[in-house]
Every structure is written in C-alpha cells, then in structure tokens.
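Both complexes shown next keep subunit A, but they swap its partner, so subunit B is in the first and subunit C is in the second.
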Partner chain A sequence: MGLLTNLRDSISRVTDGLFAADEPKRIGIYGPPNAGKTTLANRIARDWTGDAVGPESHIPHETRRARRKEGVEIERNGRTVTIDIVDTPGVTTKVDYKEFLDHDMEKDDAVRRSREATEGVAEAMHWLREDVDGVIYVLDSTTDPFTQVNTMLIGIIESQDLPALILANKTDLPGSDVQQIANAFPQHETIPLSALEGDNMDEVYTKIAEYFG
Partner chain B sequence: MPHQCTSCGRTFPDGSKEMLSGCPDCGGNKFQFKPAGATEDAGSGGETGRASGSAPEASDRTPPAPDDQPAPDDQPAPDDQPAPDDQPVPDDGAADPTPGTPADATPADSPPSDAPASADPSPETDGTEQIADRSDEDTAQASARSEVVSPDELDRASREVDAVDTPEPPADDETQPGIDALRDELNDQFESIRIVSPGQYELNLMELYDRQEYIISLQEDGRYVIEMPDAWGIQDE
Partner chain C sequence: MPGPKANVDAADDPDDADDGVRIDMISGARMEGLTSMEKIRLILDGVRDGNIVILEEGLSPDEESKLIEVTMTEISPDDFTGIEIETYPKAEAGDQSFLDKLMGRESTQKLTVIGPANRIETLHKDENLISTLVSRK
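On to the complex of A and B.
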C-alpha cells in the first residue's frame, strides 16, 4: 500500500469513468444487520442466474465478508440491465458477543463471530467509499428506521450522489410498517417487499432497472 | 509529542496523519501514545533501530491537520477529559492491570535503567506527578519496542482480559482511571474501532468510511494498531 497503489487507484478511477457505460454497475446491498440483505441478494441472484450469493440466517451478522455476484442480467421492458450485486455485512455501531449467546452459541464462537462482524462492518464502509456505483438500502419494516446507523449511511450515500433505492423488507410479517420507513426517508422512493416470500419483486426489478440501468 | 513509533522512536504531533500509513522512517505500525504533558523521552530516538518487517510501506506524507478530524456525535468531547488533578497516582505504575494480571508485571518488564525514575513518586506538583506517572508507562512500553503487533497479539490482548472475565466498563473506571483517560483522548483523535472488552466492539462509522486504513485500539495503555485493508476483497461467488 503506497504511492503506486494510490496511482493505480487513480488510474483505475479514470478508466472506470471512461468505460462506465460499458461495464455493469456495482450495486451494494446495504443496511443494518438482519434486515434481509442476503435473502434479497439470493432472491435476485436465483431469479436471474439460478445461483445463490451466501447463506441466510436469523442470527445477526451471518454475512461477515462482502460477497459479489457478477453479471446479473435483469430484463425489464424489453431491455436488459446488467449489474454486479455486492451483498455487504450489516452495518452497526456496536457489536456484542452476548447478542449471539441467545442463539445457542458457545462463548468462544460468539466472541469470534463478534470480531469477524466488526471487521465486516469496517469492510462494508470501505467498499461504500470506493467500490459501489449504487446502493440498495434494505430495512426491516417491522423495526424503527430512525436510527443513527440508517441516518448516517443514507447521509453518506446522498453525499456521494449515489443512486439509492430504499426497500422496506419483511412485509410478510405482522408488524410491518412500510409507511414508517417512507416517512423516515421522504427524499427517497421506498419500495415494499418480502425478499423471503418473493412478494413485490416485479416492482423491485423494475426500480433496479430504472435506477441502475 | 503524543505519538511515538515503538520501532525507531520517531515522534509525531497530536493529530498527525503522517503515521497512518506506517512510520515513514522505518515502516513500523506500532506506536505508543503519550498525552500532552508527558516528558520527552530523550533517548528514544536512537534507542532501538530494529525495524519491523510486517508493516505497510510509508506512503502519503500528509502534513498534520488535527482540525479536520471528524468528530462523531457519540464520542466524548475533549472537555470531558478528566483533569490531571482528578487522576489518582498509582504507585505501582499507571498501567494498572486488569484483575488477574500481576500488578507488577509492567514495571518488571521495564529496562532497569529507568526503574529508579519509575519508583520515584515525585510528589511536588500535580503536573510533576502526572509526568512521573506517564514516564512509568513509557518505560513499560519501551520493552516492547522491537516487536510489531501481530494479529495474534491483538487476539491475545483480548483474551488475557477474557480469562478473568472483566465484568463491565464501569468497574474499570474505578481501577483504571489512567487507561480510560487515555482511551478517551485517543477516541477524540481517530479511533475507528474500540475494543470495549473481548467480543464487544464500538465502531466509529464515519472514521471507517473516511479512512483508507482503519485503526484498532488495544486495551493496553496508549498502544494501538493501524490496519491496512489491502487484504480485503469482495468474495466472488
């Protein structure tokens, strides 16, 4: 890591800009832990490529490294939009191994998972700064969206002028409140969905094509 | 001179970004923190010349710009720092270890030449007490100058405390006022990831976002590690 790397990065950014029209956009799936990011990534990948991106779990911080699925071709309205999907670890300001003990995890495993999750958050923030062309921000519509993490991340995304699609996930659950999310971020369009059940995915794909195509 | 490379002894001013890519002189990535008011370590510059091998190369030499550090909302303001008068002066070294760690472990590892200074209580003024106190810490850390913090050490630093199952941070406040004050001061500058206790972390998202590298603080006095994300990479499926 040094001057050469910085120079290479600079050149890379210039060439990225020159050929941006030809290359698929790299879309980061961001959001707090347990919002359903990997479930959504898998849903999109399975629908259009037949593959999965990563394991899903109800235990927070299952995704502790960013995972990418390249060349996902989404067909909408007679044209094809190609994107790279990057499923990122859930972003949070605190990671506590005790949270995992409630999920029948041994303490050593919980501490290790906590450490990996922390590194995952650092990595997610790193990629947000340098390596995504757009963001799908996934929120659990059964929880309060007015959090420091959400406000900070949406603020960063806006400051970067990145196209952002906000998804209110888990509409299949009884406590889902999509309007609360729409109210929290009125400057953005909020799309309801259940990634788990596949509800409203048609609209999600239409919006992905519209925002990131 | 709040920061000093533990390999070559080079010092950096408060808020310096120069060291964020490793020490420009020797490439070391292990630094010790000396709060304002600490005595200058006259012999530190030439004390050891053993350079570390695993540190990243020096890159950008950005002039110090302490004022442009983002100040996240959840971090304590500088005004919250305990005044020197509020800090008890432990006789057995400022790095009062956590329960279970031998109380004299840190001073015992110190070079003998510095031992008399450490033992001197110097109860003249508050400032002097603080200085004597701090020099104890520096002496203790001097013994580790030839080493580079490795991931293993990071892990070990966590587990040593883990073994005795340190209860909660409030308990630490009573036994380790010096450590807490140092932590707060580091936090004010640029700490990205704070190890509250093993398996418990606090993350400064803006710092993580703003910086190419990220910084993990250790639980020991004034010691911290700068990690470069060159090993990071998105996993392709």
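On to the complex of A and C.
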C-alpha cells in the first residue's frame, strides 16, 4: 500500500499548491545559529512594513521561537509579491549550556536559554517539514559552509522540492568569502549581501520576487 | 525479525565501556525493515550510551530532520548535549528514475557517522575522507 499512499500524497501536494496559489507563501528563513537570520528578517520587515520581527544579538540562539511576519508586500518591476516571513531559530545538532556561560550569563539563565534553544530548533524542523512554502537559507560568508548541518538542511529542503534561495551574509566583514558558499552549493544560486548594512538588498528583493512570487 | 535495539550482549558490560570507545556498525540490511522512529531510537539509544554509531546506508532527508528534532527533545544539562553527525557530501542522485523521484523514493546510501557531541570531533571532512577524533568518557 506504500505505493498508493505515496501517489496519493504526491497528487495531494500538487492540488494543494494549485488551490493555494493566491495565498501569501510562507517563506522560512533558515540557517545555522548566528548567520544573521533575524537581522535579515528585520531588514525585510522594516523595509516593507516599518516593523521589526525580533531582537538581534551576537549571542547564539537569541531567536528561540519561530516568528511569523504576515503579509509582507514586496514591490518589484511593477508588481507586488506578498509573502509571510518566518524567522526561525538557528539549526544545530547540539546545544550545551556551558557555551552560554562564556557570554557572562549565570548558570540558571544559561540552562534556561539552552532548553529554550532546543525547543526552538525542534520547532524550526517541524516548520520545515510541514509549514513553509519556500526557504531563504542564510549563511555567514566569513565561516566554512561545508558543515553537516548545512549539508543536511539543504538536502531536506531539496527533498521537499521547496524553492530555495541561498544568501551569503555578512559581506561587510573582513574574511567574507562568497565564492566558497557558491562552491559548496553549486546547484543553487548564491546572492551576497550584508543584512546589517543593507548592502545588495535590491538584488535580494528581486530574487525573492522571482523565486517566491 | 530483529528488534531495533543495537546493543549486543558482549558489549553490555559497563566495565568494557570504561576501557574504550564502542563502535556499532549497522548494516543497511539491519535498518531496512525499521520504521523512521525505530531507526532514530536505535541511533539515539546507542549514542546516549556513549557509543559511536556508523550507518552503512545513512538516513533519508526526512529521517535526518526527525533525528535533529528528537535529539533536541532529549538534550538535558550535564547529561546529554546532543549529537555530532557526519556523512560524505551527497552525491548527485543521477541513477534515480523519474518515477523514484515522483514517488518519493530517495537514494540515501551514504556512510554516516553519529556520536555524542561531547565525545566526537570532526578533524577533516571532504568528499572522500571523514577524519574524526573520538575521546573517552
């Protein structure tokens, strides 16, 4: 019966997509911790709605709950694309509260933060499997992209046939290497940007409209 | 049919575990009949015991997603900090037929190494070599 079940699921996905064509697509912002996901989400939300999505921090796992900003209307080339932005916690396979102690945090706070972080990662994975229509994958271009988390997440995104845009963030920092990211995921287009400085956002918005419009 | 528990009697002696690092190499045939959750339980039970688990054929992307999710629910301070997992970068699945893709039958054959995050450290990884340092408890 597995064959029939798979066939039914495949048909269901196609018909769901057809009937949901007019609804805003939910675009998940994914990536490892500290890649600048919330900075990007805030940049997009502020540029097009005037509001922010959530607080930013250099401490890993600042975002510990998925946050959705609904109805973000992006205007490109004379037409408007409406999306919901879902800012997700950074994905990892490990969380050790002791790492937070290095950021001048008391043990109780570090333990609580690590517990919330694990819940957030689990939540992000659930969203990815069930509730997003496309993915913006954010990477810190000053760090090595050849990590297992990146490999697995890109594989998971591809297995679900989700449109994915890879952004090489933090181009304002010394040591930024956009080409290294492009080499790591040659099957996807890589767009450089600095979400913090707002560099190259025009191209980012054009690509968002092209991929998710 | 074999159950999902990977442990074998000879290695269940806790004294043996103190002497070194136990490695469970699990064949594709052993994993074949298991459900996704049985596979994840098999892996995490082994890893939480401090073992290194090597899968001959790896997990599907969906199973990897669930492995991350279940791992997160089991992390607890001063006990279990999560997993380290390494696979060779995925080769292009050029041998998959259109029907396979349509029906969601994914090629998952990729050697996979999984261990406790506090005991395994990847030293080097490329498409032909995974080099890891495994520490004792």
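Going forward, the second predicted complex is superposed on the first by the 194 of 213 C-alpha atoms of A that agree within 3 Å, B and C clash if a C-alpha of one lies under 4 Å from a C-alpha of the other, contacts with A are read in each partner's own complex, and residues count from 1 in each chain.
Please note the rule applied: a residue touches a chain if its C-beta (ideal position, glycine included) is under 8 Å from a C-beta of that chain, and two chains touch if they have at least 3 such contacts.
Everything numeric in this text was worked out from a predicted model, so none of it was measured.
Enquirer: Mind checking subunit B and subunit C on superposed subunit A, clash or fit?
Expert: The answer is clash.
Enquirer: Please work out whether A:D51 is in contact with subunit B alone, subunit C alone, both, or neither, and reply first, second, both or neither.
Expert: Touch partner of A:D51: subunit B, not subunit C.
Enquirer: Would you check which partner chain A:F146 touches, where first means subunit B only, second means subunit C only, and both and neither mean what they say?
Expert: Second partner only, subunit C.
Enquirer: For A:V86, is the partner it touches subunit B (first), subunit C (second), both, or none of the two (neither)?
Expert: first
Enquirer: Applying the touch criterion given at the start, work out whether A:D131 contacts subunit B, subunit C, both or neither, answering first, second, both or neither.
Expert: Only subunit B is touched by A:D131; subunit C is not.
Enquirer: Using the superposition on chain A described above, determine whether A:S114 touches subunit B (first), subunit C (second), both, or neither.
Expert: A:S114 contacts both subunit B and subunit C.
Enquirer: So, does A:H103 touch the first partner subunit B, the second partner subunit C, both, or neither?
Expert: The answer is neither, since A:H103 touches no partner chain.
Enquirer: Is A:E158 contacted by the first partner subunit B, the second partner subunit C, both or neither?
Expert: second
Enquirer: A:A66 contacts which: subunit B (first), subunit C (second), both, neither?
Expert: The first partner, subunit B, only.
Enquirer: Does subunit A have more residues touched by subunit B or by subunit C?
Expert: Comparing touch counts on subunit A for subunit B and subunit C gives B.
Enquirer: For the superposed three-chain arrangement, which subunit B stretch in 42-50, 186-194 or 222-230 runs into subunit C?
Expert: Among 42-50, 186-194 or 222-230, the clash with subunit C belongs to 186-194.
Enquirer: By the touch definition above, which subunit A residues appear in both interfaces, subunit B in one complex and subunit C in the other?
Expert: Common interface on subunit A, subunit B vs subunit C: 3, 6, 91-97, 111, 114-115, 118, 121-122, 125-126, 128-129, 148, 152, 156.
Enquirer: Per the contact definition, I'd like the list of subunit B residues that touch subunit A in the complex.
Expert: Contacts found on subunit B: 21, 56-60, 73-74, 158, 162, 192-193, 198-206, 208-210, 212-214, 228-230, 232, 234-237.
Enquirer: List the residues on subunit A that touch subunit B in their complex, please.
Expert: 1-3, 5-6, 45, 51-54, 65-70, 86, 91-98, 107, 110-111, 114-115, 118, 121-123, 125-129, 131, 148-149, 152-153, 156
Enquirer: Going by the contact rule at the top, pick out the subunit A residues touching subunit C in the complex.
Expert: Residues in contact with subunit C: 3, 6-7, 9-10, 91-97, 111, 114-115, 118-119, 121-122, 125-126, 128-129, 146, 148, 151-152, 155-156, 158-160.
Enquirer: Give every residue of subunit C touching subunit A within the complex, in rising order.
Expert: Subunit C residues touching subunit A: 60-62, 64-66, 68-69, 71-73, 75, 77, 81-87, 89-90, 102-106, 117-118, 122, 125.
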